[in-house]
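Two complexes, one shared chain (chain A), two partners (chain B, chain C).
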Partner chain A sequence: MKFLPLIWSNLRRKRVRTLFTLLSILVAFLMFGYLIAVSNAFNIGVQIAGVDRLVLTNKVSIILPLPISDLERIEQVPGVTDVAHADWFGGIYQDPKNFFAQIAADPERYLRLYPEFLLPEDQKKAWMADRTGAICGKYLADRFHWKIGDRIPIMAAWQKKDGTTSWEFNLDGIYTGATPTTDTTQFIFHYKYFDESRVNGHGEVGWYIIRIAHPDQAPQIADRIDAMFANSDYETKTSTEKAFMQGFAKQVGDIGAIITAILSVVFFIILLVAGNTMMQSVRERVTELAVLKTVGFSNGLILTLVLVESLMLAAMGGLLGLGLAWLLIRRGDPTGGALPIFVMPTGSLALGMVAILLLGLATGSLPALQAMRLRVVQSLRRA
Partner chain B sequence: MSPATISQSQESTAAAETAGALVRVRDVHKVYTRGSERIDVLQGVNLDVPRGDFVALMGPSGSGKTTLLNLLAGLDRPSGGTVQIGHDRIDKMGEGELARWRSHHVGFVFQLYNLLPTLTAERNVELPLLLTSLSVNERKKHVSAVLTVVGLSDRSKHYPRQLSGGQEQRVAIARAIVADPTLLLCDEPTGDLDRKSEEEILDLLQALNREHGKTIIMVTHNAHAAARARRIVYLNKGQLQSEAIQ
Partner chain C sequence: MQRIINWITQVYAVGVLNLRTLPRRFGSSAATIVGVAGVVTVFVAVLSIGEGFRATLQQTGSPSTALVIRTGSDTEMLSGITLMDSRVIQDAPGIARGGSGPVTSRELLVLVDVPKISTGTEANVPLRGVTPEAFAIRTNLHIIAGRNFEPGRNEIMVGAGAAREFAGLQVGSTKTWGKTNWTVVGIFTDGGSVSESEIWSDLTILQGAYNRGTLVSSVHARLSSPDEFDTFKGALVSNPRLNVKVLRETDYFSEQSIFLTKLVQNLGYLIAAMMGIGAVFGAINTMYSAVAARTREIATLRALGFGGGPVVISVIVESILLALAGGLIGGAIAYTAFNNFHTSTMNWQSFSQVAFAFRVTPMLLIQGFLYSVVIGLVGGLFPAVRAARTSVAAALREL
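On to the complex of A and B.
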């Protein structure tokens, strides 16, 4: 502590240079925090996937349908404890940019498969009794300022038997998530209403969600189900929910790899910038360091002082950057709906701290060693 | 250190104490090599400085004055011979031991003051005390006391750039004496000052020697400055030539 004024005075020596270095570190850590949140948002489905859930889709493509009659056969497979089906509605609410997932499902089955969707009992009863009723997640309700009882019109590609494509739903319930990372962006309505009202596609569903008794048996059960539908008109592809989400996320590209590449470049540049600042800073005060050694400062102490100075610079810039990223991330999804779960994972903060420490050590090591090895007599002669 | 060396060291320490010499330099050589060239800077120097003495080291440029001063400060090592300060054979010490020894026993005053420009006068003076276990308040008291001794108590919050050359050198002297070192070593302390400031600094050094009993060894080119010392030692071509007691 007693050496702090000495270290601090060195950082204040060239204020403009320190400020610019600080800003460059700040920007790097702001990017770090923000991009981690983006990556997390893309991969959140993978992280929160249920370990006991499988997803069954058409083998050719997820956009091709499956017959609803498969449900009973899937239920019979040993190891399967529950099954639900779902359909992608793909409608537009007011404006195409208001994207969110609209799912036609059997309410009972769907809620059983997703117990993390917490819906009050009275709202659940109301929804079950209302053929054109729907529920949505809290995020979605907040986003569009919906409240229970609202009538939600959605334009869809699906034509109704009355010749229109305008579908209207009564909002009967708003579900919350069991954990902060639960997906509360879905809009779910009765499959029965959807199937009876549409002109085409009767008796077809988009995909099945299957609960299994023992997650460690997932590969065998998936193989058994796919074998059951092999050589049929609707061959299937069954995978764990995690693998399914991974495949979904990878359709956008390997976001994690792209972000890692960007951050690597940014940190490499910052390493050079901050490292150069520290090298220059030590070069400029060779005489002062020699004076400190003359006074009695040991080589080890000199090494520590320079390292602490470098760590302080990295910590100030890094913590400010992470703090700023946290504030920006708190404002929520920057895309207006495409990244609904936009949070800074706790683990990334710890990772940020480690990055700060490594940056400080990496940029300070060389100048600190240089300062430590400095010969007093030669250094004073140079002055 | 072998038992033989320890006993030899103890004997010489005892002898030095018997003789009353604080500084005891024996047959010291210092050789520098520049490429294939060998430069004998010091050639068999012997010097005794009793506690409380004020010695001026004089001689032409390149005579080895500053090299000898650096050896006495433990900033450099002799190529041969022994350097003993009080009970300590500093020519035998390692880097870490020397740093610790310097912090306890040596105050160094440079020609160009060498204050840290980013620290105030009081923070500069405090530097040697950071290596002690003194509390913040104790350090403040010590700093305030020495700034009063050098007549700069009203400039404690000033940065070096806000001080005159003479004042800077007085701060440097305060820094050199704040930890109450055994030995005060000055390398041309008035070499960069005008006549008035030079007088002030010499008055101060003389007062430190006479009133506070500080042992001072001062390298100087200036006969006027040397005249303030109790004893003048002349070095030429790396050898002690003569001594004059005043």
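On to the complex of A and C.
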């Protein structure tokens, strides 16, 4: 500890060089924190999936429907505590670019299955009473500047009985999420209105959401349900919500691998830059280190001093970089809609610390060894 | 005139001196080169994803083919057109005439689950039911293995991209979807377009397997000339009995790629910007130490009469050359490692997989080089100015 002033003055020796090396490390850790958040955002569906929820889709293809009559049979399966159904509406609001999830569902059931969607009681009552009513998540309301009472027109591929394809809804409520990672990008309206007004597909739903009493029973209950509908016209595929989301994430591709590759390149470069700085710094101080050795500093102490110097550099740059990343992440989605849930994952700070430690050690070890092995006489002669 | 020549000679002299002494500063110079190389590699690699995706979707379709889908649907997948409506569409003006009447193709697009080879998990692959007319519309289609499917049989033909990315789609293998067994009888290419990510089957068989009756997703029509599009579209859109959307195939497919291309571009430029800033700091570092190591030399030159300007320029030139070297290396790495790297991903707009290859285009490489030049320029600026500003006496005194 008493050697800290010595180390600090060494860093201040070539202030410009230290500053710019620090800034490079800062940028590297800024990227680290930010890209981990990006990678996390791509896989967010997996993380926010409910542990006690199963998803049931048509076995042949996700775009094929299931009969609503399946509902009763699913409810009676032991271990199942609640069931809801949903349909993907897939319409266009003003412009195809304004893509968001539009879901036709039984309101009571859907809200029961997703208790993390928080809707004020009065808005809920209004929605229940309004046949053409709908609710949307806060993110969606902010994105399109919707207020309660607005009339939302959506063009869909579903034809109504009156021959048109323009569906209008009253916005009766805006739900918020129980946690920062809850999905508030959905637009939910009454299945009844949907089913009564559409020309094709009566009595069909897109998928079922099932709550089970014990999450560890998930595989058995899933098998039981699929066996129940095996060999029927609508064979089912049941999986946990997590596995279902993971399937989608995997379809996009291995984003995690790409991000890891980029970060590896970044860290390799930073290693070179910071390592080069440390090497230069030690090379310049050869005479001084020799003097220290003459005065009585042990080899081990010299080694430690250089390592601590390198660790300090890494720590200052790294912590500032991570802090900056955190601030930037708070500004939200950088892609304008593709990654609505954008947060810094909890483990990433700890991971960052480990990276700082490794960086400091890696860049400092070679110069430190060099410093330790200095031959006093040779070094003094060099002056 | 003499002054200008004099000035240029000065710049040249100092510049050559700088470059000749470069080997002495090998460590830091190498760090800059590697740093810039890394930035350019990542920049080009990430953006080549978007380019590859866009290229695949733009190869698809020709401006003289029109696509008709239901109003309100974004994509073929969500669209449904009845047999009666398709007959009306087929009689519209502007369509080219072939041997057996108007060249139109009714097609049904559905999704099937096929395991993706790279991840082992299931992915949504498009399965398209077609009639023989589809082959008259897609003129770039070539069967490269096996044969075409026979109408009326449970046979499928697989696009080259799909065969490459998804499991179990070789000629001779059987796939079971729902209650139907399908045999793969051939593999086709279609000029690198999106069709290569699809599986094709007989329309009637598919309609039966998916309970679609006589419904199709879309009608493709070859126009007698690209200019006939407006006539064709006008006739259909003004027909009160139809509820359809008419697009040129090329427009449809470039729209389909907008979301993903924008996503990749946004992220790519963001990452490249952050890395670029880091590289600038690294370059500044290098150039500062380069200048610091030669303070006495530079001061001597200035005492001899060399102007401040040539010194500044020579430092900047050195910085740019180092950065450019890094840029060239980075571009070369990106090209060899990533160009034509085949992969597939989910196109959210069509909800199905698209097989594509990374494309390192000349434009991208040029952007990368320019980027490295900018990094070199910014990195060399401050050290250069500092070198020129230090008073000669103070510099000569420095140890």
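In this section, the second predicted complex is superposed on the first by the 362 of 383 C-alpha atoms of A that agree within 3 Å, B and C clash if a C-alpha of one lies under 4 Å from a C-alpha of the other, contacts with A are read in each partner's own complex, and residues count from 1 in each chain.
To be clear about the criterion, contacts are C-beta pairs under 8 Å (C-beta built on N, C-alpha and C of every residue); 3 or more make two chains touch, one makes a residue touch a chain.
Source: prediction; values computed, not measured.
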So, A:16: does it touch chain B (first), chain C (second), both, or neither? second
Contact breadth on chain A, by residue count: chain C or chain B: C
What is the contact status of A:96 with respect to chain B (first) and chain C (second): first, second, both, or neither? second
Quick one: is A:220 in contact with chain B, with chain C, with both, or with neither? Answer first, second, both or neither. neither
Between chain B (first) and chain C (second), which, if any, makes contact with A:254: first, second, both or neither? second
Partner chain(s) touched by A:165 [first = chain B, second = chain C, both, neither]: second
Tell me the contact category for A:200 with respect to chain B and chain C: first, second, both or neither. second
Looking at A:28 after the superposition, I want to know if it touches chain B, chain C, both of them or none. Which is it: first, second, both, neither? second
Complex contacts: residues of chain B adjacent to chain A: 70, 73, 75-76, 95-96, 99-104, 106, 108, 110, 112, 114, 116-119, 123, 127-128, 130-131, 136, 175
In their shared complex, chain C is touched by residues of chain A numbered 14, 16-17, 20-21, 23-24, 27-28, 30-31, 34-35, 38, 59-64, 90-92, 96-97, 99, 155-159, 163, 165-166, 200, 235, 246-248, 250-254, 258, 262, 265-266, 268-270, 272-273, 276-277, 279-280, 334-336, 338
For the chain C and chain A complex, residues of the former touching the latter: 27-28, 30-31, 34-35, 38-39, 41-42, 46, 70-74, 77-80, 110-113, 116, 118-119, 121-124, 177-178, 210, 243, 255, 258-259, 262-263, 266-267, 270-271, 274-275, 277-279, 281-282, 284-285, 288-289, 292, 343-346, 348-349, 351, 353
In the complex formed with chain B, which residues of chain A make contact? 2-3, 5-6, 9-10, 12-13, 287-288, 291-300, 376-377, 380, 383
